[in-house]
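What follows is a single structure, written as structure tokens, with notes after it.
Chain lettering (A, B, C and D) follows the sequence in which the chains are written, and residue indices restart at 1 in each chain.
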Amino acid sequence: MVIVEFLIKLSQGFGIGALALATGLLFGGIGRKIMARIQRRYGPPFTQNFMDLFKLLSKGSVSHGWAFDLGLVAGFAPMLAALMFLPIGPFTLLPSDSSLIMIVYLMMMAYLGMAMGVLASGNPNSAIGMSRALMLMVGYEVPFAAVIFSVYLFSKTGYLTQIVTQQAGGFMNWNIVKMPLGFLATEIALQGMLGEKPFDQAIAPAEIASGPMVELGGKYLGFGMIQHSVGLFLETGIVVDLFLGGAPNFWIFIAKQFVLYFIVILVDAILPRLRIHEATSFFWKLPLFLGILQAVIVIIQGGVLNV
Amino acid sequence: MKTYNLAALLVGVPLLMAFSIPLFGFISKQLAKWITVLTLGFEFFFGLYIFFWHIYPFNVIMGNWVPPFGENLYIGPFATVLIILVSFVGLMISIYNLWSANHGDVVHFALLFLMFVGGSIGLISTGDIFNIFIFMEITGISSFALAAYGPERRALGGAFKYLVISSIGSTLYLFGVLLIYTQLGTLNIAEIAARISQTTSGLLTFAGILLVAGLAVEAELFPFNGWVPDTYTGAVNPVSATLSGIGSVGGIYVLFRILMTVFGKDGNFVSTYGNMDLMALVAILGSATVVIGELSALVQKNVKKMLAYSSMAQMGLVAIGFSIGSKLGAYAGVFQLVNHSIAKAMMFLILGVIVSFGIGEHIEDMKGLWYKSPFLTLAFTIGALSLLGLPLFGGFWSKFALVDASIQRGGWYDFVIAIVLFASVVEAFYYLRIVGYMFTSKPTSTDKIKVSISPAVPIVAFSILIVAIGIFPQIVGGISWNAAHELTDKMGGYVLNVIPTIVGH
Amino acid sequence: MSEWTEIVDYFRGRSMWMLHYCTGCGAIELPPTMTSRWDMERFGITPMATPRQADILLITGYLAIKTLKRVIYTYEQMQAPKWVLGFGSCTINGGIYWDSYNVIERLDKYIPVDIYIAGCMPRPEAILDAFVKLKEMVQMGEAKGYEKYVKNYDWYKANQDKVLKRTSPVLKEIEKVTKIG
Amino acid sequence: MNSLLALLIVPVIGSAAAAVLQRYRLVERLITFLTFSVTFLFLFEIKIGDILTWHLDFLGKNLEMGLQITPLSIFMLYMTIAFGIVLTFYNLSERSKMKGFLLLLTLAASNWIFMSTDLIGFFFAWELMGWSSILMIFGGKREEESRHGALYYAMMSIGGSYSMLIGIFLLSNLTGTFSIQSNVSYLTLILGLHPWWVLGIVSLFFVAFMVKSGIFPFHTWVPHTYGEAPDGFVPYLSSVMSKYGVYGFLIFLPLTSGAHVPSVLGLAWPNYVLLWFGSVTAVAGSVLAFMQDDVKKLFAYSSFSNLGFILAAIALFTPIGLTAGMFHAFNHLLFNGAIFITVIAVISKVGTTRMSEMGGIWQKMPLTFLTFFVGIAAAAGIPPFAGFGSKWMIFQAMISHGLIFATVLLFFASIASFLYLMRAFHAIFLGQLSHKYDNVKEVSAIGKITEVFLLGALIFFGILPGFVLDPINSIVNSFGLKPLPTSGYEYINGFFSSINMVSIFIVVIVTFIFGFALFAVVAKHKKVPQEDNYTAGQIPQDWNLTPEMYQFSYDFYEPMDKELAPFLKVKIDGFFKGFGESVEYIGEAIKEIFTGNVQIYTYLAVGGLVIFVIAGWVVW
């Protein structure tokens, strides 16, 4: 009985993974298309990312040793694992464990694994890229944490499923209305999380030869791409669950995610890249201020738990 | 009044043997040294006998002239603990001398050494303030000569400085005694103590100041301690050990015998008769000594000089302990005195062994001693840690008691103890620095130091004693407590034991 | 199996990432090719930063002997399948440097070239044309220069040694070079 | 023999034996290991509530001293001794200069600290632990630096102890007893009447604890000392010895849980202040850590950053705060031990502590590399390893009080910990392998066993935290608080959600399997050496490029320095050093009194006498 249940969950998880990957790749392709149109180009077909991924997985590649391989898998697997706890529309694979902080930390493990892989290659460009990525992470995670904590206090729960449920009943119940400042901070942080301009210092192709990915080719780059696509789905999905009230079905969920991603792409299209320390300190100023202000407002409204 | 005239041997035997040593010296130089050991062994076991059979407190009456008319020795708890201490340290140093004193006039060295220890025991046990002066001169003269002993020229300079300052001290002391005598017409401590309130207050204060100043020389209190660094550094190591482990004990004993028994006014906290509280004066002197001693030691690079300064600072601690005036304070003082004598004497002896192997006295020369001789390093560390007041070693309990006493007294003693503790941190720094040099660095030459049996015996004995006191503080605790009791209860503890019929005022 | 190969080849042709080795003046033609006017991204062709990620090695001009060595090194660092585009006359016959003592005349003596783009300079249209041609060749399974390199490695190596005056392979371990993917 | 007494006596006997036999290194190490093991066996004999008292005839009183087992003390004892066994087992194969007899003395002191019912015994053990560890640090590899480190530690530690000593006597003079229990309850009693007075005394104690745990602003000794201590001792120093301060805090924290003190956000303000000390420590530790190039210093800062987390959590003194703090103390012991043991394994092989000189060691020491990886994953708080649960609970405990600023600071510290962990990970294990280290070998069999054990423990306690949380709950209960609900060994319960660690573990494992399967199915790869690397077309050999030149690890986070420069200007280290220097300067001046000229001495003596006479006789 347990085994049957496990198999059902396994296949569902596989489905979610495939869905998230497909959505992520599609978003990436649409993003490229939008970007091209903003730049008055025709742009690649929106299925371009699928083709790229297929090509990458079928192309030859080099490995610098088993740590390199392990790192890439360790970058890919926890991201997929984190996905299993995300409420997607009405559906959550493992609802009882969908604690937000846990998802955030699982995502960090993905970054850690990825970092292990690319650093094992021994290329200084990947080391520089990784150091930039980590410094940027110190930037955007802090305001994001402030927002997460204010949502915790506001909702009095840490389960993402319950946070979604509490927002049921129309637009006015969404957290974006109740916590606009927090949403703003999150949106800025999201720009950094997705590594789009002006926060794409880690992957600076012209300076450090695409940073962490410098030694990745073929399936390794493919794994990186999967990780990025799933991460895109996951990160936008978290924001949707946190602020946009989740969704009654999968399509609306994707639509809401796309709205978020669309904003990110627009910002990406018009801004140049900041220097890394400017980017980090930027996150410590406006977004952090907004996040903390939001938390203070929540606390003043009586958000403190009775302990 | 208990009497036990046989105890006159305590003073008589060492002096007699001292003056007969040249006779033995004709037979053999070794015999002269062994006579010292035997005599001091006798002293030590006599002291233990007195202690364990609870014979004390008692008087030794000379020629059946009862005090205050005759001269007497009074051996109370305080004297007992110090006699045991002094004879033990003396015994150990004399065993050490079997190995170390082998150049120059060995026979006269043994004579002087025995005379010094005998004088110190006399100083501790006598019941007459003029006899104190006499014994001070005996110890003084023998110690000047001892300090000048040795092949090094700097010994002469140190001895001369000691001679000059010590003479000033003796003179001041004699003036003080004179003033008291003009007032009361007696030299017996018990009688003076009982009638001290009959004196003119101003004159008494003046006498007290003279006495304090005179005795502070031997007790190594600032500003009368200028001789300490030079003399200790100049003298050969066993002599430094003797001066530090025995000489200063006598100085402190007399100082507080006079302040607390003679001048003392009973109360919760003993203070003195007269215009000013001499106990407070000594506390100030003690604090200044601690601070100056520790800070001077901090910047020293010569280990022996560092030990000398530290010795000074430790005596400051002892003085502070006594000057608190409570029973607990006196207890801390006695305890600290015991710990300091043992530890410091041992450290000087270790230094002597090290130096005899051609290693210098500079702190850099201590590098890598651990690799040359773990035994000496461990022993030195034990001594240092005991002086720092770290647990498992005797010093822990005395510092513990000292802080307790100070805080119990409260008031401005809180500041005193703050200063003391700060100075202790400084002390920890320089001692641990030496220990660090010993433990960390690899030596340039890796010749092992082979310590022969004669210097090893005292070092082992001292180490074991330090650790034993550290684990079982009761060893010193009980007798120190009795000594503290004697010091703080001047009528019951001292006067009535000497002259039962006297009426206090 | 051949259907699978066809599918793979189809997607490979639709997603070609390019490493441009800009040695000469030809590089000036690439920005218009990439940007709004000609927009090569619509064919799935994107510039890449490192040889590990790239499928196409685009050599845009004359190759001095010094640069040739780097080109070979870069080519060998790329992973199969990989294609080389020789851009401009210089890669075909030395161009205006035809008689220079330290410029090679024919690139395909040293590494296999799949397509040459003639002209001095070739216009962006020509470049795009080459890309499209390459795409077709890939999808037809015709662009197999990288296999030729492995098969005829001794010949290429001899030619390389002649100009580079060195005997050891650039990547040291010869069996690694002569093995595909 | 009474088992409580055995916990003190056995290490001391072992210590004596080790001291005598210290010439035979292997025998000494074996004795150390066996003594730890035997001590651990005696732990099974004792149970909560065991008590042993004796009387000490001292200070003229008949003082009652004693040992007692509380839930807290037994937790601490198990934790520390078990870790000691692992460490001494590991050290069997290491050639570090650790002196076993000092470690065993520290063990005796440590056991006494955790069991003592009276302040005399507590202080005795505290000082014993202090000096034995100081002497141990003298054995470091670099002579000058280790001496400096040990002395720095000694000064801070002894200063702290004296502060505690004064506190002890101020207390005992009030209550007339040295019993910890009665003193604490007395303080609780008079807290309402004389809050300032009580806080004054308690803060005297806290200074000692803060020094020992390395809490800001008394943290300055930590990097100097950890960085220079003998390799074999550093894990003990950072994992075990830093917990003494935590234990000390826990003794006195129940005081302020009464409602007599003004409160901030439902938190008694002394707790609030402590919490801020903890938070600042966490941040300062993290920030300073990622700027280090010396690996031992880096993890020294890391260690005190984690102590900041623990202090912040226990300062809350709520059930969840206490649970989180104790849990983190346990986890810190575990992952810090794993990290430091692997780090010293590497150091002993490569012979340097500078990370910029290492790199690529993973190829040579794969097991060490994996252990380190799991260790840093746990340190970063990544599920499903030990370390996640406690950090997550700390955040919940903080935020449930509405302490948003402190929480964000802590979260910042937590994220910054990624930076320094990755830096160490990269610089030591990843990246280019220098040819210097071509002959480096994996650790010996003993080392491998240790590492596998630690690896297993990190995963085991990560997925089954209940084995730690159960004893912690009884600790919480013993403090009179209501423990968190328990629902099974695999659950971590918090305010906002409860997490099933086993399910996370399974999910992660399944995804890993899936990942490897996918990895194996798609196109093949070929293995290339690390020299075959992207170099923008340059051929490394032609340029005499060596692997170490191609390794970027020096000044890894240089851009960050610019941003943090204003904060780094605050140099507390400089304050303590400057203080020391000025003391030395004064000493230099005072020394001049003793010129060696007898005339001066005479003038001094006579001058002193004259002043006394004038001041005392005439004026007084």
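Operating definition for what follows: a residue touches a chain if its C-beta (ideal position, glycine included) is under 8 Å from a C-beta of that chain, and two chains touch if they have at least 3 such contacts.
In this text, all values refer to a predicted model and were calculated from it rather than measured experimentally.
**Q** If you average the Cα atoms of each chain, whose average lands nearest the overall Cα average?
**A** The most central chain, going by mean C-alpha position, is D.
**Q** Report the inter-centroid distance (CA atoms only) between subunit B and subunit C in whole Å.
**A** 95
**Q** Subunit A to subunit B: how many Å between their CA centres?
**A** 77
**Q** Taking each chain's centre as its mean C-alpha position, how far apart are subunit B and subunit D in Å?
**A** Chain centres of subunit B and subunit D, defined by C-alpha means, are spaced 43 Å apart.
**Q** Taking each chain's centre as the mean position of its Cα atoms, how many Å separate subunit A from subunit D?
**A** Once rounded, the distance between the two centres reads 35 Å.
**Q** By residue number and range, which residues of subunit C touch two or more other chains?
**A** Touching at least two other chains: 50-52, 77, 181.
**Q** Which residues belonging to subunit D are in contact with no fewer than two other chains?
**A** Residue numbers touching two or more other chains: 523-524, 526, 528-529, 532, 534.
**Q** Where does subunit B touch two or more other chains at once, residue-wise?
**A** Nothing qualifies.
**Q** Among the chains present, which pairs are found to touch?
**A** In this structure, the chains touch in these pairs: A-C, A-D, B-D, C-D.
**Q** Could you pull out which subunit B residues touch subunit D in their complex?
**A** The touching residues are 157, 160-161, 164-165, 168-169, 172, 202, 205-206, 209-210, 212-213, 217, 222-224, 226-227, 229-230, 275-276, 281, 291-292, 294-300, 327-328, 331, 374, 378, 381, 385, 388, 390-392, 396-397, 400-401, 403-404, 407-408, 417-418, 421, 424-426, 428-429, 432-433, 435-437, 439-442, 473-474, 477-478, 481, 484.
**Q** Sort out for me which residues of subunit C touch subunit D in the complex.
**A** On the subunit C side, the touching residues are 21, 50-52, 69-71, 73-74, 77, 170-173, 176, 179, 181.
**Q** For a test of understanding, state which residues of subunit A touch subunit D in their complex under the given definition.
**A** Counting only subunit A, the residues touching subunit D are 10, 13-14, 17, 57-67, 69, 72-74, 76-78, 80-81, 84-85, 94, 96-99, 101-102, 105-106, 108-109, 111-112, 115-116, 119-125, 127-128, 130-132, 134-135, 137-138, 141-142, 145-146, 149-150, 152-153, 156-159, 209, 214-215, 218-220, 222-223, 275-277, 280-281, 284, 288, 291-292, 295-296, 299, 303-305, 307.
**Q** Where on subunit D is subunit B touching in the complex?
**A** Spelled out, the residues of subunit D in touch with subunit B are 19, 22-23, 56-60, 105, 120, 123-125, 127-128, 130-131, 134-135, 138-140, 143, 146-147, 150-151, 154-155, 158-159, 162, 165-166, 169-170, 172-173, 583-584, 586-588, 590-591, 593-594, 596, 598, 600-602, 604-609, 612-613, 616-617, 620.
**Q** In their complex, what parts of subunit D are in touch with subunit A?
**A** Checking each residue of subunit D against subunit A gives 265-266, 318, 320, 359-360, 362-363, 366, 369, 373, 376-377, 380-383, 388, 392, 395-396, 399-402, 404-405, 407-408, 411-412, 415-416, 418-419, 422-423, 425-426, 429-433, 494-497, 499-500, 503-504, 507-508, 510-512, 514-516, 518-519, 522-530, 532-534, 536, 547, 550-553, 556-557, 559-560, 562-563.
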